[in-house]
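Here it is: the structure, laid out below.
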Amino acid sequence: MNQVLAEVADEVAEHIGRGKVADYIPALASVDPHQFGMAVALPDGTCYGVGDWLAPFSMQSISKLFTLSLALASDDSAVWARVGREPSGSAFNSLVQLEYENGLPRNPFINAGALVVTDHLAGHVGDAADAVLRFLRTESGNDAITYDEAVVESEAAHSQRNLALAHFLSSYGNLHGDPHSIVDQYIRHCAVAISCRDLALAGLFLARQGTLRDGSRVLSGRQAKRINAVMLTCGTYDAAGEFAYRVGLPGKSGVGGGILAICPGRCSIAVWGPGLDERGNSVAGVAALDQFTTTTGWSVF
Amino acid sequence: MNQVLAEVADEVAEHIGRGKVADYIPALASVDPHQFGMAVALPDGTCYGVGDWLAPFSMQSISKLFTLSLALASDDSAVWARVGREPSGSAFNSLVQLEYENGLPRNPFINAGALVVTDHLAGHVGDAADAVLRFLRTESGNDAITYDEAVVESEAAHSQRNLALAHFLSSYGNLHGDPHSIVDQYIRHCAVAISCRDLALAGLFLARQGTLRDGSRVLSGRQAKRINAVMLTCGTYDAAGEFAYRVGLPGKSGVGGGILAICPGRCSIAVWGPGLDERGNSVAGVAALDQFTTTTGWSVF
Amino acid sequence: MNQVLAEVADEVAEHIGRGKVADYIPALASVDPHQFGMAVALPDGTCYGVGDWLAPFSMQSISKLFTLSLALASDDSAVWARVGREPSGSAFNSLVQLEYENGLPRNPFINAGALVVTDHLAGHVGDAADAVLRFLRTESGNDAITYDEAVVESEAAHSQRNLALAHFLSSYGNLHGDPHSIVDQYIRHCAVAISCRDLALAGLFLARQGTLRDGSRVLSGRQAKRINAVMLTCGTYDAAGEFAYRVGLPGKSGVGGGILAICPGRCSIAVWGPGLDERGNSVAGVAALDQFTTTTGWSVF
Amino acid sequence: MNQVLAEVADEVAEHIGRGKVADYIPALASVDPHQFGMAVALPDGTCYGVGDWLAPFSMQSISKLFTLSLALASDDSAVWARVGREPSGSAFNSLVQLEYENGLPRNPFINAGALVVTDHLAGHVGDAADAVLRFLRTESGNDAITYDEAVVESEAAHSQRNLALAHFLSSYGNLHGDPHSIVDQYIRHCAVAISCRDLALAGLFLARQGTLRDGSRVLSGRQAKRINAVMLTCGTYDAAGEFAYRVGLPGKSGVGGGILAICPGRCSIAVWGPGLDERGNSVAGVAALDQFTTTTGWSVF
């Protein structure tokens, strides 16, 4: 695996620094684009890495995968009654689809869907962000993982659109908590700083049919497979088709430049490169995953 | 004019009680649908009425006409830089158009536009609702006009969608005040209770080229004409074409069942009937205005 | 009136040549933008003109007003069962609205609506274009008015979108004739070349409550008023609100640079300037009408 | 495998006859809903079946998978320059997306995309439908496969919407052939009648990395995988997410009630049951595939 990673890193070198760092908040705009890391975690917990794989970066939307997993663990059907499972065909923070479809977000990975999932989880555990943080620490074995407070503050100062989404969901009866509190929790779980190593380990349960580090199950095998299916069809904004076409693995990306991909039964993979393509996915990250499945033949197709 | 009104009332009798009272808030749902009133105010301030023309009803969106007039009086071009003048082709509280057109509401009479206008007015006068209330009292000569507190409370308890609009406008930089404060002022000016008599008198300046009761001007003649033009093309939700076709006068309606129509140079007309058609305009009110322009020939066309 | 026209022409001089000549077909793209004409026809048939008021130009969408008038004359309610009367809020040749509203065009002046009206008229008279041409000749007293064959050919070579609209309408059962034949008639009535003088005379019946040159009626007074109402709310593409705001008269524009405006009871006005603004209306034409209503005070508001 | 199929058939029994047979054309509306067949073809060409697996049914949209494969075989990048790879979030025959995205269909499986692919293929082989038919005959070894002429006629009599799409694409320069001819070819390849057995065999190349029956390659391994990726994200109308969630295999459905699913490296599966759910997928077919992956564990996730 170390050799595979070295080959991938070689191939990807020319893409590092390409794309555009997320600039909608100052805390992300200041990240150095010339970084790249990748980690692969095998089912037994062994973890291989290359480049800046130990450097923490902002999780952003990748956290939506963990809120979803924890929410489904608490009450599967209640979640799916409030959010759909279809690709949206619209921008991740669009209100249009929500209005045309009466307040039911198309999937848990667009902002509206993630707010609903956060709201559901908050209803079960009190603070959804803290629940996600605990999970990440436990599964990675790294208690130092925490919120990036500069990102939290920066996001909070630019939260009008998410507040609009939350109030809008509330007007349809599809947000039960206080809109401002739910947006606050949402901002915090997105603002967790995590390394490729820790992220790959934290996501390993999805490659291991729902089994956690300690051998217990957070999800049934069927549930884990189904989360992978939702990731494949909806996990990379409006580029899910392209990602499936090029990479061929379930994956969830974030505007911090990270991507978590799952190779069922084989491994979990975390990549990070801050430069984004026009649809908000890491240029180097997608290239690395493309090369990884080409080299290993581990596409699901 | 008394005879004209009597004839209109006769013709309209069969429409009274038809349609559906607004039921999105309890305070409006409980209104008796079998009421009808109409008042006509002539340029000299004489006012004629028929039916329940002295009974107060909830202004609702008709107040948007007064916030617009006061906002334009303070700074015409600044308002038009923040809101368009075109019919929307969408529901009055839709977020879709706003998203497609980057936060610029199509016109001042859809909710998003009215929030922007309220925000602008608040920036000049402190409290936009109180400014509207003062104007209505002065022009009608009736200091008893006030907010219907039951409607204010009912609206406040159902304000999630307007809060969504306000935060959404804020995300585009097109709302300067605090979203919750602007929605509060918006709710209050919509919750003014007013009679047909007082409404016709308060709107008379638009039939009198901008001249107020005391002979001073709130708007230039050109501005008054232009507000009438915006009313004609945008004043009756998604039925402006139909209203122009049937009635042929500039008009602004509200879901309380009221309509204020302007016959430039001749009169202002206020009608009220709580039963609404499917587009939110008073069934009896539109029928009465249709008959009025047929009898008098006072359509602008 | 000659002095009014001279003043208007003076004021408008700086706008002549501004804007962009329609360039979607070669036959229009080659028109010299530095032309301007204006004609005013009084109810008694007297006609005043200025500038290039005798030069023929391509009617384009202005012809939709005449197909509508002739169609309504044949069977009013049948037409309104197939086409709405509301502004569209979309581009004139959009298919979106049509799909969302199940094949019922929003109004008779967007392309879809004009195709339905042409189809209706064709069902009554055989060839809708020839019927329009006969009407224009009779009312203007100019038998030399005819189709511009270069425009006909140019349009026919670029008719895919209108063919799409026609087949789409047909799929909803809202086009009864053969789509290719209806589009052909549509193209021809849009390709009539006419001067300001002849256009003002041909449209005079709308300022004269439906009365034709020979004293007979093509429409009732009520019908004529209602066509004026539809013109005001829908006659200038997605700028109807702006046109009502600035000019304050019912008007119908075409991408050939012409506009026909109606001042009910007073006159009909035809202006022409080939340079278009971004919404497809003549820059000089709108400026001229704006100045005309400012000078004369003949806005309907 | 026979036992797996028997178990699946048992489980599915209660779903047979459920749903609604496609009724937009008489030739499909008359199909008996109480039929069900399923066939599984292994990489070596062995084929197992159950129920009505030898009865021919109308392919409908499943043919789009074969036009796509043949088009990609001729010129991969030229196809992807004319059609996207993203799920649409809209109805399969919608014109809205096409208008918003300037004539580039979102994927090859919505009607607009399939028309573009048909047009591309026609440019290479003359008649796209005949090319598909030859391919189906060769791969299944059944020369009796042919067009259902009743379906062809029925479709041709209801082709206005597809003609609208074709002219619309043409207006964007994204259809090179004659719109009527392309729609005709499209109708014919959709009207092929084929059995589950023959369909499973014809689709086997996608489970065999692009290798045909005779051992030659129609597509590279990479191309075959990528077609599977497009099927998974876009193959089942606006239910691709749900299908991935429940079944976990790439699949392409048709309104004739058939579905072709691919289990990469393992098998191809054809199911048929005429009753459709509200999104146009076979009720019994989806249930059978759901049970199949549950029993075998052969989901890709």
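We call the chains A, B, C and D, going by the order they appear; numbering starts again at 1 in every chain.
Just so we're on the same page, a residue touches a chain if its C-beta (ideal position, glycine included) is under 8 Å from a C-beta of that chain, and two chains touch if they have at least 3 such contacts.
Not measured: the values here are computed from a predicted model.
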{"item": "Intersection of the contact lists for chain B and chain C", "value": "none"}
{"item": "Copy pair chain A, chain B: interface residue numbering same or different (half cut)", "value": "same"}
{"item": "A-D against C-D, pair bridged by the larger set of C-beta contacts", "value": "A-D"}
{"item": "Angular offset of chain B relative to chain D [C-alpha, multiple of 5 degrees]", "value": "180"}
{"item": "Chain whose average C-alpha position is farthest from chain D's own", "value": "B"}
{"item": "Length of the line joining the C-alpha centres of chain B and chain D, rounded to whole Å", "value": "55"}
{"item": "Centroid distance [mean C-alpha coordinates] between chain D and chain C, Å", "value": "47"}
{"item": "Whole-Å gap between the CA centroids of chain A and chain D", "value": "32"}
{"item": "Chain A: positions in contact with at least two other chains", "value": "none"}
{"item": "Of chain A, residues touching chain D in the complex", "value": "84-90, 97, 106-107, 222, 225-226, 228-230, 232-234, 238-242, 244-245, 248, 250, 264, 294, 299-301"}
{"item": "Partner chain D, residues of chain C touching it in the complex", "value": "94-96, 99-100, 160-161, 163-168, 170-171, 179"}
